[in-house]
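Shared between the two complexes below is chain A, which pairs with chain B and chain C, respectively.
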Partner chain A sequence: MNRLIRLFAAGALALASTSVLAAADLQINTPAIQQIRQDLHNHFHDLREYLASGAVGLTWDGMLAVRDASLIPLDQRQAVSALVADDNQDRHALYREIARANGHPEWEQEVRDTFAQRWIERARPGWWYQKPNGAWVQK
Partner chain B sequence: MNKLLLSLAMLGLLAGCVTINIYFPAAAAEKAADKIIDEVWQLKQPQGGDAAKPAGQPVQSKGEDKP
Partner chain C sequence: MKAFLLRLALLLAAAVAPAAVAADLSFSIGAIAGAGFAARDLTLHWGERGMDGEVGEIRIFGKTWRNVRLVCPVFHADLAAISCDRGELQAADKLPLSFTYWAARHRLEARLFPASGETWRIGASQADNAWEAKVDLANANPARLAGWFPVDWPRPAGGRLEGTVSFSAAGLTGDLRLRALAFSDAAGLRAGDKLSGRLLVSAVPRGGEWRWTADVGWREGAVFWRPFYFPSGGQRFVGQGSIGPDGLSVTHGKLELAGVGSARVAGRWHKGALTDFELAATGLDLDGLYRLILKPWLEKGALANLDVRGSGDLRWRYRDEATRVFDVALRETSLKDRDRRFAIDGVNLRLPWEEGQENEGKLAFGGGHFFDIPFGAIQVPVKMKGWQVALPDLSLPVLDGRLTVNGFQAERRGGMWNWRFGGGVTPISMERLSAALGWPKMFGSLSGVLPAAIYDGHQVRVDGVLLVRAFDGTAVVKNLSLVEPLGRAPRLYADLDMRGLDLDLLTRTFSFGSITGRVDATVSGLELSNWQPVKFDARVASSPGDYPRQISQRAVQNISSLGGAGAGAAIQRSFLRFLDQFGYSRIGLSCVLRNGVCTMDGVEAAPHGYVIVKGGGIPAITVIGYNRYVGWDELLGRLERVIQGNVKPIVE
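Now for the complex of A and B:
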């Protein structure tokens, strides 16, 4: 009986330590993730004026989209849409890498959902974001 | 002996539950997201202060005379 109790105690301890592990910070400092963070920052430098004008908006699923191309001077349209595509590739990689760096590739969708919500939450006044039904709203 | 086997089985079951039930750490993910968003959008001034200059060209007047 004593042994049984000890075994359960060990089990409970394992359970407790797992909970502690799950409550800790997520790993976001691998070289791959650092590189993506830097890239996203560099993109933002070029994209901020288009976010401010409403030409580019934040989608409901954690990406960027050209919302209204008519707000972009004709000779810049192609460059902006290439930049948005580039940025989205990095966003996709960011969500995947965070899930993977934390040992749970299957978390990718949840990581993306969390980011989607936070990007919109923290968007600056005047920027546009998309609702899950596809409608665009100005912050 | 039987009891030992039973407890081992129970322990295995418990371990199984732990593996299956690892939940997505939503609070930690939000914290991580906010940290990255701050950095990408520079909502917070970085410690150095250097990278947070406004978009304009910093005017340097060091008197470097170019020939």
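Now for the complex of A and C:
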């Protein structure tokens, strides 16, 4: 499972060779990026069961979304919803910091697009992801 | 529907009267329609085995059923009445039922038995253009009504209903008791479970709209209505208002929330938006208010994880989509960060804000702590005009000194708060400050001047020069800015210039060994990301001037340790190892940090290295560093070991 966690939380950072954004170093590390990656890693521990159940899915723009809250026990919905919002703030910060650390803050959108694609490619079978038209698909 | 039944009854009655059934009777109707109702392909067969009717398609208030069959094994029809006993309506499901229709009274009574022990009793009648209908529910499952709810509304999913709903041209009344009610919208973001309570409602038509009164008591059960979660009941709403083309309004209402308190509310929703809203509450329990209502909005900010105690009042008037009055009071309130970053006690606050007025409030608190630094009491007036807030000059006791804040002004522009202030710190004993922070015991005092700190909604910028006095020298911070201070990755930029720091005070503080003398230090282009340095050009060098310069053997050893292997060889292989104090003429060390690596240099070049301590006087010592490139983390590790005293002088 640790391998899976690493795959999810840090996997997309190790993809420079196939990145569509060949010019940017997506593995670049700064104290801020390190902290955000650690936060994402921690969130994944708490979110993986909801990703597996389909309650939470990967959006087409590199974020997470509560796809079907009815799969979450009622007394946990607020916490999961808050965790998804928290995770998304970290994702947003990750894309911005990687672009900034590359010396090109204007690359944020490209960094986000590349990550979005890779999160989906590396999603486990059974997880749900969103297509650009908004439709949800199970991997 | 009644017209249809009436026609059907008359038809049947005319066909069979006056005798009982002597032979089978069958007939068909192509189509029949009325207000909110249409049916086609009706066939009916009545014989010795009762009545058997089929409808190809029936539509009632927009809902359509196909191939609906009604079987009545015990069927009776005459001029006075039609009745069906132990019947069954067969569509997608089978619905056992009985009904009777009295033609003269235009009255229908039906009993539906969807499940064992569950009864829906429906009565409807019409007389002299007046109609009335009544539904009595016993152990009724509200999920059967789900199909009648708009698609984007939460729908009932289970539970039990008892009670009565009556309709007539004069209005509607309902008295329902709910047990174990469950509801949810399609996404599960507005959902409740195991809800019990009572709903009393009435509505009468008046001039194109309905005037309603309601008393909704929610006694047990949990509701999640993103972002709120109410884990238990104890909520009640009593109110009245209207519903019609202008939307839904509450003219008077009282809302009670368990663990929070009660509030008088009024408002209007029109086209999916809240246009007017008014709320007045006194004596609210701030702990409950924070946990149930405020916390879900605060996410991961500084106020997201508090223990709150105290009570408060709120009056809020929102008219035509803008806040007009916001009057808040907190009494004897304490806010304590669960992560122990800050706490503030004895808060008494009154902020009476009213649009277009100059308002004056007051803020007082008894004290608290910021991280581990305690601060004392304060009481100040707060001036407000529109979205501008100003405070008079403040002086807050901090340890044995004071923190002053001058000319604080805040303004909300474009949805963002902007603020600025100047200020300073009058001398605080470093001994007390270091003890409060759990740092090594420091000597001297800390004081400083802050000309102007400005926040523009994105970054905090210090205009002018921040001046700090510490270690008997001066430190000047220039070009200080803090970007996204509350964001996920705050960044700090600054240039530092320190002059004449007393090395004796400094080295005593960090158990570094003893160095007598003074140093100047510059850190230019400092950049911190998430409070960790990522870039700077730093240099420490002996201050110019005439002063005693002595360095202890332990300090030499520690400096050598910072320089890495190879440094400090001079002391180890010479007779100087027998001495404890040495003279020096200059000390200097620099680090240029880039990409996690510190490029080091000293006061001057040496063969294969650089001079960190240049000897002078008798006895003199020279320390040479040979490692030019040191990882920042490694350097921090060495410094930590030195400060913790883990590095012992080795004298050969």
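As a working rule, the second predicted complex is superposed on the first by the 112 of 139 C-alpha atoms of A that agree within 3 Å, B and C clash if a C-alpha of one lies under 4 Å from a C-alpha of the other, contacts with A are read in each partner's own complex, and residues count from 1 in each chain.
We take it that a contact is a pair of C-beta atoms (placed from the backbone, for glycine too) under 8 Å apart; a residue touches a chain by one contact, two chains touch by 3 or more.
In this text the structure is predicted, and so the values were computed from the model without any measurement.
Between chain B (first) and chain C (second), which does A:Ala65 come into contact with in this model arrangement: first, second, both, or neither?
Neither partner.
Check the residue A:Ala24 against both partner chains and state whether it touches chain B (first), chain C (second), both, or neither.
first
In the overlay, answer first, second, both or neither for which of chain B and chain C A:Asp86 touches.
second
If you stack the two complexes on chain A, which partner ends up touching A:Ala52: first (chain B), second (chain C), both, or neither?
A:Ala52 sits against neither chain B nor chain C.
Could you tell me if A:Ile98 is touching chain B, chain C, both of them or neither one (first, second, both, neither)?
The first partner, chain B, only.
Report for A:Arg77: first if it touches chain B alone, second if chain C alone, otherwise both or neither.
second
Following superposition on chain A, which residues of chain A contact chain B and also contact chain C?
None.
Name, in rising order, each residue of chain A that touches chain C in their complex.
Listed in rising order, the residues of chain A that touch chain C are 30-36, 39, 66, 68-72, 74-75, 77-78, 81-82, 85-86, 89-90, 92-93, 96-97.
How about chain C: which of its residues touch chain A in the complex?
Per the stated touch rule, the residues are 184, 187-189, 191-193, 222, 224, 226-229, 231, 296, 299-300, 487-489, 491, 529-532, 534.
Give the list of chain B residues in touch with chain A in this complex.
3-4, 6-8, 10-11, 14-15, 18, 22-37, 39-43, 55
Provide the residue numbers of chain A that touch chain B in the complex, in ascending order.
Residues of chain A touching chain B: 1, 3-4, 7-8, 10-11, 14-15, 18, 22-26, 28, 37, 40-41, 44, 48, 94, 98, 104, 107, 110-111, 114-115, 118-119, 122, 124.
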